[in-house]
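Reviewing the structure listed below.
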């Protein structure tokens, strides 16, 4: 069907993509919260290889996070209730950003807040920081009671956060969506209209597990965010829906462990992908995903990733 | 913590539960659509052992379902887009119900429709059928474009379906909820107010997967319903939320493969559980789950399942 | 109530490559395991493992009883995760086996000549049918069985050389490394008009393109033909409705039928769409 | 950029039960695997398998180099799915191993007497520490190492009888089948005031109740004590923040620290809550 054509064999296909003003050398990056502040992985890979580094979610002030136990394995997934522990945006800029600036890769800073004003102020601080290439706004983290959930679950609030950050910064603005909603397209179109340059999805699905001997939840926080391969089918469905609903680029996230998994998202229309939980299974996953995508393009005689993105043929049932 | 007390050793704990007027000998039953019309499993187990038999979803008229491929495996789960294929409620009563009546177990009939009127009429027909002990209303199947999704995703529509069926029948009425919503408690309280005797949850999460060589969805229907262990954490979280939101009994469904899994739901407050996908992995799963629950109660010195149901201690983080 | 069946505990006795990407496995099962008939299949999973989640269907390649044991033989091609993991299992490895399942081939007593058409690993159920129908003493004359066997190269046919004693074996290979250079249906096409349609019956199993070509070949030739189909399966026993195949009756009725319960063997003329039949190809 | 580390491919050389529910495993690793120091751990998973999903952390029980190979020894207790599957693996089985990870024990040169307090499988890192600090020629005098070892019964201590040549071994068992009848901290309690706090250091690893009892015992005794803690881990390398333990500084600052990166060895007096420390108990 998609066999190589009669053209010259392709040896180095063009992997570069553009995300609403942000040019990446390839479409592969870590998902926030699974890659620390980047340095943690530097001994396992050449960070220069990555499309971007996405750092752990930052807030205006440092946060100590939730009490342990914070994680629990579930079938093909894990629950986490880290509680958005982070060193705060100022410490990040002072202590962690300089290290990242030495690499020839884009730095995307994930942020969150508990009020519109907090979001706004974090964005304001980052806007002036050299070496920050884009902001990803987490309006979705389900771990913190007063946190993202309310913003990401309602189109009006999601739009409001987006607008208020948009006013503060000219940096490319990626809004990261929660899957814990009835209709993802409603939220995606709302943040698009409010000025987002891209959307990324999905954040974790809210889940829970119970220790049947102790008869209490495995997580001290009771519920946590479900990530990993288990959620991939839900993520892929939502990405496909979002791609058809908005004109801005969509970044696919959820359960990606291999190039094959990443290709599902790209074929469904994601302009780029983020790898989260899989970094824990093998710290070199990101590089393997990049290499695997390149090998696929070569095998299929494609000159660039653009030929692949959104090339899904959904047949009669997929027509809107 | 919950060690056996000084009482007499318990040898046969009381497993019976009552579901809004429906008395079951134990809290374990199959999930609709994974157990055919019951007979399919009769050579693998004594159907008399089951708390109830729940049959494949029935509609007013027979339905031929979706074109193949209809199923695809995903990490710890499966997608299905069977499309609610069924023989229709009248053929069920004429051809399948007589067989089930020979067993000493309750028969719960799962129904769906594309309009309120269809729901109402199916319920009306079942109301008069001897051997039907309860109706479970699927307001949630994500597979059929005009089907359940709209009803189950909106509290007003969910309530309307419930009310219209409630008027037709005095049979215990279980409303089965879709997890593809922002707030499960909103739907659960709406159907409770509309006259449901119990709620069951969760139905499948909508998902998708892509064949990267053919660059098309694995399912002819593009999207399908995700079931199996992968969804268990989401199911358990929603069941726990629903239990705290409504006074009617909650039936827990989603990824249960063993007694240990079922116990998580019961401890979190589910009055009963349904086993779906796991029936495909081992057709004797249901009986193993029942035996395992009994063994657990004995080991923990409990005289009955009532001691267990809702006994979760969520600590400070779980307080509403 | 016909209670009593269960998943059987199987122990791998032998598991070795026959040809590139093709494995032959022998599984020891308890004596209580019922006798399969040719064309029936089993659902197989690694015992105690949850990944892959679903059991995988495989046709019975052969089956014998020895003392207290039942010995099940499978022939499989590694195409993905499940078969890949299976191929890595060692003797002593534990499986769970459900079966025998489905409806197999029917060999009408009036059949004087049986034509087998196998594509790649589709040889598995036909091998069992051939052995049951022609190999035992007092059974039919091997001369009455013509076995068309298509494969990618000579490797798979060479590894099943034993077939030739049981039938008139005619081989087609895609690369021409043995027998006819081309598809198995191409080979059959050259012969087919030499067979008297009365008393002849065709039994086929192979990848979708082969089955389609076979259907085309038979469109205006009144030879009865049973084919074993494949579809993704979850339960294998009629409960999930996952394995639908669109069938039609002569009266023009159209219905989905369950490959696992009403098949996997169907009259080729009842199959409306052969598109989803994908058994490992030559 | 300090690039160059990677998951190492490990091959099981030996995997056998030592005592009921306890296994000893030897894994062959490539020579490039870095030397672990006592108290460091590795993250282990079955190669090519996705269930369980996360790797499991295990302390280094011993480590040597032989020719081109690095040989890693683990001692583990089967408590759930991951360790259960591990115990079923055979020699030749393939693992993926990340490590060595974390910060191990520090043996101050000024220490004249080392007290080891091990509960059950918590013996693993202490065994490695003991061997590294006392077993090599030119190292410390075994008489200066007193090893308190608590277990459920005599089985585990009996299987590690080799310890006694390296130290003054004192055993406590819950069932009294060997040594002191009671907990290891109960045994230590009887001795502790006989040791001169100056120049003595304590090294502990074991289940949460043991660590708590140890903390209590040391509350008003100025003996320095390092303990190896456990917490559920996803990454093992500081990225996920999953393995938090609440610590406090003398200045009253309270912070979550990462067991994987800032531990697993901590000064016992910095740990605010020992409740989530659950290493397999005696």
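Think of it as A, B, C and D in the order they're written, each chain with its own count starting at 1.
The rule is short, and it goes like this: a contact is a pair of C-beta atoms (placed from the backbone, for glycine too) under 8 Å apart; a residue touches a chain by one contact, two chains touch by 3 or more.
What you are looking at is a predicted structure, and each value in this text was computed from that prediction instead of being measured.
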For chain B and chain C, chains touching each: none
From chain B, the most remote chain by mean C-alpha position: D
Between chain B and chain A, distance of the C-alpha-averaged centres to the nearest whole Å: 33
Averaged-CA centre spacing for the pair chain D and chain C, given as whole angstrom: 54
Centroid spacing, where centroids are CA-atom means, of chain A and chain D in whole angstrom: 36
Intercentroid distance (Cα basis), chain C paired with chain A, Å: 45
Numbers and ranges of chain C residues touching at least 2 other chains: 50-51
Shared interface positions of chain A, touching two or more other chains: 66, 75-77, 228-229
Overall pattern in which the protein chains touch one another (line/ring/star/complete/other): ring
Interchain contacts (touch definition) - all pairs: A-B, A-D, B-C, C-D
Residues of chain B that touch chain A when the two form their complex: 1-2, 66, 74-77, 79, 153, 180-183, 205-210, 212-217, 220-223, 226, 228-234, 236-237, 240, 255, 260, 263-264, 267-268, 296, 311-315, 317-318
Touch list for chain A against partner chain D, complex: 33-36, 40-47, 56, 64-73, 75-78, 80, 82, 85, 228-229, 257, 277, 279-284
Residues on chain C engaged by chain D in the complex (per definition of touch): 49-51
In the complex with chain A, residue positions of chain D that touch it: 1-7, 45, 50-55, 96, 98, 231-246, 254-256, 273, 276
